[in-house]
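Inspection log for the structure reproduced underneath, given as structure tokens.
Chains here go by letter, A, B and C, matching the order in which they are written, and residues are numbered from 1 within each.
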Amino acid sequence: MSEFLQFLFSGLTVGAVYAMVALGFTIIYNASEVINFAQGEFVMIGGMSSVFLLSAGVPLPLAMLAAVVIAVGIGLALHALAIEPARGASVVTLIIITIGASILLRGLAQVVFDRQFHSLPAFSGDVPITIAGAALLPQTLWVLGGALVIVLALGWFFTRTLTGKAVMATAHNRLAAQLVGVNVRFVLMLSFGLSAGIGAIAGVLVTPITLTSYDVGTMLALKGFAAAILGGLGSAAGAVLGGLLVGIAEAMGAGYVSSEYKDAIAFVIILLVLFFLPRGLLGGKAAERV
Amino acid sequence: MDKMRFKPMLCSRLTLACAALATAIAAGGGAADAQEPIRIGSFLSVTGPASFLGDPEQKTLEMYVEELNAAGGVIGRPLELIVYDDGGDANAARTFATRLIDDDEVDLIIGGSTTGATMAVVPLAEEAEIPFISLAGAVVIIDPVKAWVFKTPHTDRMACEKIFEDMVANGISTIAMIAGTGGFGTSMREQCLDAADAYEITIVADETYGPRDSDMTPQLTNIRNTEGVEAVLNAGFGQGPAIVTRNFAQLGIDVPLYQSHGVASASYIELAGDAAEGVRLPASALLVAEDLPEDDPQREVVVSYKQAFEERWDQPVSTFGGHAYDALFIAVDAIERAGTTDPAAVRDAIEQTSGFMGTAGEVNFSPDDHLGLDLTAFRMLEIRDGTWTIVE
Amino acid sequence: MRVPLPSDDWIADPRRGGLALLALVLVVLPIFLPNRFYYDVAIHAGLAAIAVVGLNLLIGYAGQISLGHAGFFGLGAYGSAVLTGTHGWPPLLALLASALVVAVLAFLVGRPILRLRGHYLAMATLGMGLLIFMVITNERTVTGGPDGMAVPALDIFGFSLSGRNKQAWYALVALCLLLAVWLALNLIDSPVGRALRALHGSEVAARVGGVDVAEYKLIIFVISAVYASVAGSLSAHYGGFITPDAVGFLHSIELVTMVVLGGMASTYGAVVGAAVLVALPQFLTAFHDYEQVMLGAILIVCMIFLRRGLLPSAIDLIRARRP
């Protein structure tokens, strides 16, 4: 029992990270149908900026806040400089642009920051909490709590505010949204800012556990994309569910089956789910276009 | 200053230095300028998953080539360093090596941060008959011996043996292994599995983790639940071992943890934090430079390299940069003895290197030993109070 | 060098005119290759182009994305490496056997995978590629693991072709590329190709028009996998050493980027895309620490201003200039 619980804690910790990356994918996808391959770089920017601001003498809370602001700025810049000028281009073309942006941001990070690994101090210390024989780090609670707050806040934003509703309208039918006066361009800009912010918050929260470096983004984007697909593209709840499931599958795979093939186990599960539910677990919206 | 000749590409982050160099080149006119430079070619994993190897290696080479040039070059000729970033990809490494050999026409090659990149280039160096000193770990590079290929770091086999020696001395005979699935971890894991018998050590648990994994508690839980484990050995480099160390503490596993020489840099202690207390690992003397006794023959070399590196780059020294230091000075020493850059003469001179004191220890090459290091060059270190301590 | 402007009939009949022009470029190019390094880059570009021409059939014509093609490339490469190196098979036989295995595999996984659409298909192919990558990395006794394995020289009918023999390899790769392009153009012009184009336009319309959509998608998927496999086999023999990097996710992304950069649904565009993306990093070394920044920036700028891809956009520009 204690080992099962331990694996579950591990899965939830890692899964919460994937979930937040997946949320970022979902938001941009809903506004544009584009899979933003630079999503993982926002997580990196959040983590690395906090590390460097902290070492420059900025107090931790302020450094983290600034890191999120920086990431949002970069997200907005990405939209203004790379996505907006390519308006009207095919979705695949836009995806390649985000791949270019991911390479560019990684390249910039190694010049502006460095190529070393870095860590942040845990917010509430390193003393593990023992629950039924399984050890849980306090930081994991921060990560899970952070993910929960983001999900709730997004839920409120998309259903209770006019701007949020405009985003949802755009996601459902772009043309119709435009016709009823939604500024689609603004919605897209907002999505990039929002998604960059969420990525950066994830980066700030997880760096004390997972460490960070200029190139952590690639793997996170890969896993986050897998999570978003598993949950069903376009569904925020699906993204979170997918993220946690991928994380738990990896942990259980490593614990019970084989640590060498734990990633393979996660991907086999995703493939199987897709064969039976071609739009993921909670994906209702059709994704016909490529 | 007028002897400094650099390709502009080397002026990396300091634009100011670039301008200064350009002026120096333009001013020119020194005697050595008329001389054909000695071209040292290098391909390193400056970016990519092995960047924490390639990054200090590149910085070390840049720094010392500058210094050698400022001191008048080698055999009266300036050095020209050409570095390409292979990103850890063997395919890219091979193309860059072809470029070094056929386009840049270098006199010798230092490089290959990873075993894969090195092995991809070995046939090229052998065919072109150019001396090639590798900075990668695995034993396959020099076993069997290849005429033109040398290497400076200790092999992973030696790390296993050093660790097993220490375990035996502490009465440990049943251990668990956890290794990264990257090239380094995989190769070392195999060497350790292979070497264990000779030390009568039984490996009862054998786990792995991916190069980008951020939580190893499931694997360590399995190790904790395995009967009879007296110590845990972690083979790997990068951020993985730091996370293993933290998870190890998180789970409260109370047997000794051994790390490999792959974590031999101060950033490991920084990343692992308090959890690193009591961790043991084999490493070269570089990490404990200032703690070496005054009469230690290695002291002078490691202290001066450590100070120079940390002063210049403002980051803690690692043994990886030390491998590049050793390679560069073995090459310089050989060229000086040969008095020429004729590849065959330089190769012979490298092979005759004896009593060379580098950061990894005393190097004695011979026709059937292109590594030239023995176990004595490895020191067993323990982390106490957040710093390295020699245990012997 | 001034390239003669392609005439409209050339565009109308790419099979004759275009192929002749490509052949001409491939014949003339060595004059501008001063040493073996430049040959090396050209050979790498050619090998990548073979895989990309195949992938373009799938992406550009059938409208199906694959983020797992490096898996097929890698299976070809490792198939050849293991069969010739470990088991002593003749290279040509090993190449064909690997291609056959890849074809069968693509056929088997293609059926369920190709039912998926858009990003879900991308994910499924990505997962498939990653599974192949993990097997190759983990099965060390067969593949040498992450440190890779050596591959014997290509030996055709008793004539050994070492990777160091750049001219001979250039000639071989050039011929293979011409063959690959010719086959692709024929395929596009065949009933299968016409059905495919209908499919790209609207799958529903194609289905209503009596096209067996699933069947055609599967055929193209298998063919493009075989292209990748053959390119992988050749590239393993050429390099003489192979590591799992060739099988990885990033390589898959690179192949897709080549297709889109060159111009989707343009076979010659695929060749251009491969050549540019292989050669570019060699020029960018001049930027040292800023290599990646430049690569990313160039990619973004190209896709913004030449959004249909380098070749189609260039042809548009040329056409627009002329009355």
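Operating definition for what follows: a contact is a pair of C-beta atoms (placed from the backbone, for glycine too) under 8 Å apart; a residue touches a chain by one contact, two chains touch by 3 or more.
Keep in mind it's a predicted model, so treat the numbers as computed, not measured.
K.L.:
With chain centres defined as mean CA positions, report which chain is farthest from chain A.
P.N.:
It is B.
K.L.:
Write down the pair of chains with the top C-beta contact pair count.
P.N.:
Chain pair with the maximum contact count: A-C.
K.L.:
Rounded to a whole Å, what is the gap between the Cα centroids of chain A and chain C?
P.N.:
31
K.L.:
For chain A versus chain B, what separation do you get between their C-alpha means, in angstrom?
P.N.:
About 35 Å, centre to centre.
K.L.:
Show the residues in chain B shared as contacts by 2 or more other chains, in ascending order.
P.N.:
Each of 13, 47, 181 in chain B touches at least two other chains.
K.L.:
Of all residues in chain C, which are in touch with two or more distinct other chains?
P.N.:
Residues 138, 289, 291-292 of chain C touch two or more partner chains.
K.L.:
Among the residues of chain A, which are close enough to touch at least two other chains?
P.N.:
110-111, 260, 263
K.L.:
Tell me, which parts of chain B touch chain C in their complex?
P.N.:
These residues of chain B touch chain C: 8-13, 47, 84-85, 88-92, 94-95, 98-99, 101-103, 114-116, 119-120, 123-124, 127, 138, 140, 181-183, 186-187, 190.
K.L.:
Any idea which chain A residues touch chain C in the complex?
P.N.:
It comes out as residues 29, 35, 37, 82, 85-86, 89-90, 92-94, 96-97, 99-108, 110-111, 218, 222, 225-226, 229, 233, 260-261, 263-264, 267-268, 270-271, 274-275, 278-280, 287-290.
K.L.:
Considering only the defined contacts, which chain B positions touch chain A in the complex?
P.N.:
Going through chain B, the ones touching chain A are 13, 46-49, 51-52, 55, 181, 207-210, 212, 214-215, 217-219, 221-222, 225, 238-239, 242-243, 246, 249-252, 267, 270-271, 273-275, 315.
K.L.:
Along chain C, where are the residues that touch chain B in the complex?
P.N.:
34-38, 40-41, 44, 137-138, 140, 145-148, 150, 163-164, 239-243, 245-246, 281-282, 285-289, 291-292
K.L.:
In the complex of these two chains, what residues of chain A are touching chain B?
P.N.:
Listed in rising order, the residues of chain A that touch chain B are 3, 6-7, 9-10, 13-14, 17, 110-111, 114-119, 126, 128, 135, 137, 206, 209-211, 213, 215-216, 219, 251-252, 254-255, 259-260, 262-263.
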